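The two complexes that follow have chain A in common; it is paired with chain B in the first and with chain C in the second.
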Partner chain A sequence: MATDANRQSVEMSRIVAWMTTCFLVLPILIVIPVSFTPKRYLSMPAGDWSLRHYEVLISGGWLSSIGDSLLVAICSALLALAMGTLFAVGHWRLNNGVTRNLRLLLLLPMIVPPIVHAVAFYQAWSILDLLDTYLGLILVHTMKALPFVVLSVTASLVNLDPRLEQASRSLGASSRQTLFYILLPQVRPGMLAGGIFAFITSWDEIIVAIFITSRAVYTLPKRIWDGLFDNVDPAIAALGTIMIIITAIGLLIKDRYEKAQKT
Partner chain B sequence: MKDALSFESVTKKYGEFTALDNVSLDIKAGEFMTLLGPSGSGKTTMLMTIGGFVEPSAGHVTLDGQRITHLPPENRNFGLVFQGYALFPHLTVWENVFYPLRVRGMRKAEAEPKVRDVLDLIQLSHLAERFPKQLSGGQQQRVALARALVFSPELLLLDEPLSALDRALRKDLQRELKDLHERVGTTFIYVTHDQEEALSMSDRIAILRDGQIEQLGTPSQLYEKPSSIFVANFLGKSNFVPVDDLTVEGGEVRYSVGQDRFRLSRGDMSIPQSGELSLALRPERLTLYANHKDAPENCIAGKVVKVTYFGQLYEAIVSTQAAGDLLVTVDLAQNEPRIGDQVWLGWAIDSGVILAGRPVESDDAYAG
Partner chain C sequence: MQGDMAITSRSSLLGKDAAYWGMVLLPAVFLATLYLVPVISVMVRSVTEPTLGLDNYAVILENKAIQNVLGKTVYICAVTTALTLLFGYATAYAMCRMPEREQRLMFFLVILSFWISVLIRTFAWIAVLQPQGLLNDILIGIGIIDRPLRLVRNDLGVIIGMVHYMLPYAILPLFANMKTIDPTLVPAARALGATPRKAFMTVFLPLSLPGLAGASILVLIFSSGFYITPALLGGGKVVMIAEYISVQMSETLKWGLATSLATVLMLVVLALTIAMSRYMDIGDTGKKA
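Our next item is the complex of A and B:
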């Protein structure tokens, strides 16, 4: 009896899990059929299929926007990673009132509403003449990505034995050697996670981009947004489909890699 | 022998708390010096001051006469073995031992023979490619030692290196450490709260209490001639008998326990003469006699109330009228003491030490 009841509850939770998955995934998958529509606006294909919207992606401005987004995301992720990691390590070592307050300050971009942030940056960047420049956008995205790096690197430092640093220095290593040979290898998982978060933060950031860029810098989220405004362009669905496929491939590779590591 | 390292009136304060209180100590080159004390006595602060991780609030640390008080740890060339080893988890045994040479700019090929030698010394060459977490506690301990020795440090500092190991392994490693000290000839400064470890390994021991050195000397000096009740209690077991009417005549001391008068040859002891006094008597300095006529001049009557068998000896508790309960060890060559036996307890006139004060009942010094 007990095992029967047990089996039943396992069965139930499996159903709930699948329903949740469908709830989360199905709305996203809708873009796949839509991307194959032959029509010029977002619609379900009715028996007829076309790849014309994929063609548009290769031509047109889409490729240059992907390039812009990649450039900004990679630069701001690297900057955020370098500054955030150094800050987290410094905070871990000193952990005094100054670094605690600085940490709060660094986490502000997560707390301040993005729209407020955007207005503030618009004002500031117009004074500094950084509107519609790569540098301007990279700097903003770096600030927005910093909290993710600081949080994830701090998390991997929590379990780090502070004596490793003392051991390294007693063995004759300078602070710099200790940082590169001992501390950074230990926080690599946190840096990886923080770096990915930083990249994604910039990759799909739109609010600030709308405020401070116009034509010289034209990131992908902004072009999608404009595309939706102008003519409900199905190229957006085609782009969505490609991103879903890339993400799925990425997850598969990660899964394989982790399995290979375990054996 | 010349002094390798000296503390000159070193004080370390953390806010209101004084971790080291005006400590002066000279450590000789090549010596095995142990800093022994209960937790919170300042022994680890002292070690970390030598290592350069704690900066004294006042006073100086000198090495061969040079002040090194403010020298950063990486410029001191001291090996440090941590409690819990602090091996680098992402590096193999070989890479861990290579590390101090690597940061000194040595290439792998150049360092290979040195690393080999020191791994051979600790007999772990066959595990060179393992990672620390794949090793047992004792093996990790040896790797930590190898890593701290490979760059020929001027001093080796050890912070309770054996405390995480089980008892049998600890005994083995104690012997290995002592061997190692004799072979490499480096000055060892060893911190422990384990009195047995301190007695069996050290050339000299400094006993710390509340940030001060309570007594400094060889293990046998400290054990046989403790200068205070704290030391007598902390190192081994001791009986404390309250004494009165102390008189000193030349080389002889006379004292009363209850109604009886006893004799003590003074030797080079300094005898406190005022305030409350106690006689500290080690249990192994007491002998049981069945008859009064066999007993020596210093003897006291009592009754056996408890006997515990320890394999190589018995421990008996003898209840006496004048001196209370006394702990006695009886080796197996003597007759087995039985509960209820009326006995005489005797001790030689050169046994025992007169100390100032009376033992406090709930003294935590036994904890060691």
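Our next item is the complex of A and C:
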């Protein structure tokens, strides 16, 4: 009887868990049918389906925003990846009080609220004349992405014994050989994860973009944001559908990759 | 010969250390100049504009409108955090006890929602909750209500959207924490005569408290500065601190007020982060001094 009560509470929590998961996923999936509505405004397609909102995406404004977002995200991901990896490796090797404090500095952009970033960079970039420029946005996104690169590269170095490097050197490898054959293979998974994280951080970033860009740089989140304010545009549903599919495929690939690594 | 090698290796180590210092300092200097200076100048401006002194902070303490915004922020954050933790905890708890296939599916769905852009998610909620939205259509269709319910442009809409955004941030760390709790402990307590409730309350719950504390502070940190969801689902009716700051910055141009509120928000979040670091490893490698 007692185990029955136990089983009951586990069953209960399982029902709550599935309800919560449905709450998480179902509303998101709504964008899929909405994207096929033949109407101009936000609605469910009643019987007749249309691809007009997908056609809008490949013409004009949306496409140029995708271009802007890709450009900014790729540049800032590469910059963050380079600097974050340098820092993580240097910190791993030195690991003293100074580098530990510097590490907190590098993690700061992850903690400070985005609206504070917006105030800070609006002020600073207007002095440096970087408002509404690609460089201005790339710099901000690089700083916002740095913590994720530092964290993931650091994580991939945790189990690497620093003496391995000394061993490699004392066996006659040059420092370049040590870098390429010992260190790099070890940090590569961390760099990959950090790079993807950095890319998505920039690709999704909206709040600072709202304040420091206007016309010259017009990223995808900014266009969605404006679209949400004017009149809720079903083209956003079409875009959302594509993003959901890409995300799902990406996660499945990651799953496969991790499984393959285990075996 | 041996001494010789020791000397060369030491000198090359020193040389190498210099290279490593360079690797560490380049990004640090980059961030110190382009990040720290702008952020600190926010704080500086809060005590220099329009005049030198703490006038802006006095306004924050006195002004009725700002008090309302702060009160609303605290209220929405508290409700959001409580609901998120409640459902997040139950979900993580159930996930730990599921068959592996089911657990993997649920984990996949949680991660999927986690990765979808906040704008798309907010858009979806508008489609569901607006007066001519899906939910109202369904409820009217099956005859439960005859007039659309007001589900957006109020606290309810904002809380729904925020809980939706925060849930993965609670579920994932809670799940990670609960997985480390020895699964034989609760059955052991039960075998020794504890009721299910008592076994949970005295054995499982205390062991999951660090995870719970960490997750709740994490959710609190994210909700306190939240901008997108309140701005879109609140529709100007539910103004939280982040949106208020943005209005001061872009419409009324009261920079003194904007920067001082930003400073307050930042200090609160930093304090919460320090509190959180006691329960959660903020990405540290376990080599804390």
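By definition in this document, the second predicted complex is superposed on the first by the 223 of 263 C-alpha atoms of A that agree within 3 Å, B and C clash if a C-alpha of one lies under 4 Å from a C-alpha of the other, contacts with A are read in each partner's own complex, and residues count from 1 in each chain.
One rule holds for everything that comes next: contacts are C-beta pairs under 8 Å (C-beta built on N, C-alpha and C of every residue); 3 or more make two chains touch, one makes a residue touch a chain.
The shown structure was predicted, so the numbers you read here are calculated from the model rather than taken from an experiment.
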item: First (chain B), second (chain C), both or neither touched by A:161; value: first
item: Which superposed partner A:193 touches (first chain B, second chain C, both, neither); value: neither
item: Partner chain(s) touched by A:247 [first = chain B, second = chain C, both, neither]; value: second
item: Touched partner set for A:71, first chain B, second chain C, both or neither; value: neither
item: Partner chain in contact with A:169 - chain B first, chain C second, else both or neither; value: both
item: Which superposed partner A:181 touches (first chain B, second chain C, both, neither); value: first
item: Broader residue contact with chain A after superposition on the shared chain, chain B or chain C; value: C
item: Partner chain in contact with A:123 - chain B first, chain C second, else both or neither; value: second
item: Touching both chain B and chain C, residues of chain A; value: 166, 169-170
item: Contact set on chain B toward chain A in their complex; value: 51-53, 72-74, 76-80, 82, 84, 86-90, 99-100, 102-104, 147-148, 151, 157
item: Chain A residues within the chain C interface of the complex; value: 2-3, 5-6, 9-10, 13-14, 16-18, 20-21, 23-25, 27-28, 30-31, 34, 42-44, 83-84, 86-87, 89-91, 93-95, 97, 99-100, 102, 105-109, 111-124, 139, 143, 146-147, 150-151, 154-155, 157-158, 166, 169-170, 175, 200, 204, 206-207, 210-211, 221, 224-225, 228-229, 232, 236-237, 239-240, 243-244, 247-248, 250-251, 255
item: Chain A-touching residues of chain C, taken from the complex the two chains share; value: 9, 12, 16-17, 20-28, 30-32, 34-39, 41-42, 45, 87-88, 90-91, 93-95, 97-98, 106, 108-113, 115-128, 130, 132, 134, 137, 164, 167-168, 171, 190, 195-196, 199-200, 221, 224-225, 227-228, 232, 242, 245-246, 249-250, 255, 258-259, 262, 265-266, 269-270, 273, 282-283, 285-289
item: Complex contacts: residues of chain A adjacent to chain B; value: 161, 163-164, 166-174, 177, 181-182, 185-186
